[in-house]
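Letters A, B, C, D, E and F mark the chains in the order given here, with residues in each chain numbered from 1 onward.
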């Protein structure tokens, strides 16, 4: 062992500019999460993961997520095998209250309309020359749903998982920045001040039966969505049955926390500059931005379309909540609505398209997976 | 992938028409959610029917909450919703957690904590004597 | 992609009557758990799992627990490899208070007697033509202990795991229905009103030493029970040592909840009609019912036998608690006892044979495994 | 498997007598639990002995709890046991959990919680005295 | 099945004296943990694991940690693959407050000095004829850090993992016995009564930035330490960011508890007499004791060396806290300090070298791994 | 391994000098921690600088806590540290856990919980206004 050997075994030897760029990105993620409170539960693990993943590992040592047998490799398995996302959906199901959706089913359609972002982005990706499976994985960014995006890309295009996941989470964090301009652009003041009638009370029975029936419908129509929606509605049943509250609690606390830590960290650690900084990634970020804009517009415009037929008008801002990103887009809708009329409380109404959007993009993911997975 | 294979031709591969597929895809998404919506619309009526059969006092699933003024109702809902999010969604849940774990300087917590310590000492002696 | 393809990729294409039957079963499980509070922590996950498992997956897609590489396949691994049951025993150990057993060792024998159900059912299964390992796995249903049944069948007859697990949990949930008639049939009113002397106080030292010695005894006599009982007594030591309370807490809360969710769900999801609805399964349910009846009778009759030699008589109802199904059978004993004499409190006394029954059937499982596993 | 291979012959295969094996099996089960029972019977005496050696004031492990009437004692035990199950076994633990989580705003729940606390206060004081 | 067969299938057949010795060791571990409160969270799981691991398994049955396909084998995987230690570091990071270290950086050097124990023990092991990788794994015992020791030996010398882990944890538990004599021997009363100036207040920003920068420094200087320190500082960032407190909580409670249970138990269960009771193990225990003594002396003497140059003297007792064993060695320092002068409160000051020692030995482990791993 | 291969020769294998390597190793360990120490020394100054640029009222990161007598300060620190360990390190945490699960009756906890609820209500209104 000479001094030279020691230097060779240090990280400085192999450090590249790209790594420094990525480390800066990681630091920015953490900075935004800490100072602006943008999705901290995701950006902090991902951000630190990016930093860890861009320390050049020693040649041949099992250190990085890509080095078979390394600890990070095993943690990353949960991402590559698509195991973490359904477990996160289990926790989200145990957190979600479908009451508003149950009390105002019309609003569900807005969650469907927003999925246009998924399919147009899919088409756009094909146009830019991505392979069909890759295009499907990129399209799902428009679902504005981290776990769904990670799950589908792990199944269709694992080679793009890093950029797709980072894009999805970045834009989800930026929802409060991306959506408002579009909302103002596509709605008149007269529309933005529309008040919604308070929802009816939902009985406990309805809440318990809902996850079962909803799963049967989605599962039969698009079996490819079975994994994600099975877990989502399972978690919700654990919550609503009131007999299994202790399981629901563990699902929405301990379990989802553990999985969030491991998923965020290992996704971040998979973004080594050498594999991440490519023209493809740039395309993916452009397409991702487009998908969020299209999805938001789709939701809003469909709401306006519905208003042509409804006597009791919907506030079209609610359409913007169709792009999941639960619960941020709902908050944005509420905030914009209040800026126009402080007496207008849209938050709870916005939850309906919001959760419908989660279901919608999971169905879309199922369709893309079964059609493009080459089965 | 590289720039040369950009082109509309990609959308119409041999046996795969991307536009048609996308249309169908949106169809399935709408299909699923529309059926769910319809189910939601009709369930309460079914439940009421079955209840009537069993002469169960029908739970007024239809009417809106409380009998306050429109304005009051809305605020109430907003608060409820905000609170629901606050408790159930990470970004905020964390703040609850944070509160109950993080801010050490709150005098209430400190006093509480010191009290806690003393209590604890007592308790663990119990532990032994049990 | 034509409309036909989309229909082909929907669940309707492959849906069979059997699937509908199984989905109905799943719904009934959930209904019983919600309305009757029968073992909800097991029946709800299993019930929803059954529903998910009977949505026909798309040919060749990694969706079902049997499709290698699917998420559910990985979750099901914990069942097939026998990993979940010992972890559940760890949590149960951290929940269980052996005090009553320590204060009244006579009652332990009732937990041993009830295991006759295991061995007679084993013989019965052989008679009906099951292979020796299969017969062993079916016999253990008589242990009235879900994790033990799942563990042994994963080791001896994985092909029967679904029916055996469902049978075991169904009958455990039905204990309040199955046992009382037998108890009335086999005991006289005079016997049912026997009061038990209050147990002596057990010192902390006794409680700490117990799990260690008890494990050594069981482990040496039947090493095959090492996996389950090792974890059970380990959990109990974590609880009693009072130095590791934080570990005991995690074992009996977060950990057991997570494992319960995954075990219940994936066991349910393994019951696809195509593999589940067979004549074998019917035999297994018949044999399972028999085993519960035999086990209950065995416990009661042995108690009466003991009374021939004891001057201080035992209330023979306690024998029924020998069939584990912790803590339901103990509750049933208490309830029946109080119906005869409201001043008779058997609950705590019934806990002794109850937990002894858990140990007893774990030993039986060890014996069956080592003898029939073909080692 | 199918119906034709039903038959007693299955119980007496070449080198495996199922009845004899079952007998032996029950023997092992009883063996294990009987030894445990014996150990339990003799441990307290051993402990007392060792204590006497070390002149430790012998903890009266033998006598029964308290000095209440038979009836009181039994009720006490039942409550204690019920409480033990209530706290330690899922089916019920869930209800505790349920109380301590879930939507806080319903006034019923709050009252419920307070009630719960009072109840629990009683129970856990039992817990201590157990 | 004859009576003989049943005896053959019992544990008595294969029981050896060695097993009884090991079982006694396990009982002693538990006894010390319960009565003396020595590291109970580790000694109780390890102790019970030792007992379980020394029940002779049935020939060919998947029971022991070494029998492929057994449950214990799968739990032991987390040890062999080095997965548990980093997860424990994640939790420790979420528990650790680096404030004192940040407020008095001088004391960090003491944590570095104590690592002399690692390298001298490495040399000693080579001298005794251990292979280079084995020597590296044995040396790290001097790091006085269980997870680090287990991680490095799983990577360099899995065949010695059992003895190394047991030695490391035994001596960590015995810190209150081993260190004081050395402290008295190497320090004068005049030195032991030195008071330390109270540390300055550390701003929240400093605390948030620290884990990021510290990781970059360590990761670049010794990438081999990336796995352990990445997790340690990740956990600490989760704690300090205050935005991810829920994740930090799960990391330092549920997650670390689960991993501690599995790690302790399976490490214990890997100590079968047949593989454990060898001359090698004796050497390892001797070398381990030496390493603790050297490390302690190294820390103390380096503090005295520093005092030659500092006008504001350091209390050399603090050097003893350089050997991690968090937080015991810090407590020992405090206790010894107070015996001399009841008005001297060294506890908080001792935390600085204490945590620095953790980082130091992780770096040392990284260096040993990358140099001796044969990459 | 066996006794005969004991010997100093082991330390100087063909291409590996154990002593030199150990020296280098200690160098790396010190290197890493020294750099960290230096960083810690200089960070606060940098932060102050940047703050001055932004004219942020400089947080007095330099001075020592409070204005009590030396003695008081030290005791305070010891208590703080002890408490920190007590809360954050297993051996003790366990007892905390036990406490927070076991003794429901402590009046402090009840009041604490109620206080917590009220505070939380405040927090969630914040949630809205954000």
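Definition applied: contacts are C-beta pairs under 8 Å (C-beta built on N, C-alpha and C of every residue); 3 or more make two chains touch, one makes a residue touch a chain.
Keep in mind that what you see is a predicted model, and the values were worked out from it rather than measured.
Interface of chain A with chain E: the two copies contact each other largely through different residue positions, with under half of all numbers used appearing on both sides.
Among the remaining chains, F is positioned farthest from chain C, on the basis of C-alpha centroids. Centroids of chain A and chain D (each the mean of its C-alpha atoms) stand 46 Å apart.
Inter-chain centre distance (chain A to chain C, centres taken as mean C-alpha positions): 40 Å. Separating the CA-averaged centres of chain C and chain F is a span of 46 Å. The distance from the centre of chain B to the centre of chain C, with each centre set as the mean of the Cα atoms, comes to 34 Å.
In chain B, the residues that reach two or more other chains under the touch definition are 16, 21, 28, 78-80, 82-85, 87, 90, 94, 127, 130.
Among all residues of chain E, those that touch two or more other chains are 1, 37, 40-41, 221-222, 242-244, 246-247, 249, 253-254, 260, 367, 371.
Every residue of chain E that touches chain C in the complex is listed here, in rising order: 1, 5, 9-12, 15, 23, 27, 30, 33-34, 37, 40-41, 44-45, 48-49, 51-52, 55-61, 63, 69-72, 74-75, 253-254, 257-258, 260-261, 265.
Only residues 37, 39-41, 95-97, 100-102, 105-106, 108-109, 111-112, 115-116, 118-120, 122-123, 126-132, 134-135, 195, 197-203, 205-206, 209-210, 213-214, 217-218, 221-222, 252-253, 260, 279-280, 326-327, 330-331, 334, 343-345, 347-348, 351, 356, 359-360, 363-364, 367-368, 371 of chain E touch chain F when the two sit together in their complex. Per the touch definition, chain D reaches chain C in the complex via residues 1-8, 10-11, 13, 16, 18-19, 21-22, 25-26, 28-41, 43-44, 47, 59-65, 70-71, 73-75, 77-78, 80-82, 84-85, 88-91, 94. In the complex of the two chains, the chain A residues touching chain C come out as 81-83, 86, 90, 155, 208, 212, 215-216, 219-224, 226-227, 230, 233-234, 237-238, 241-244, 246-247, 249-251, 254-255, 367, 369-371, 373, 375.
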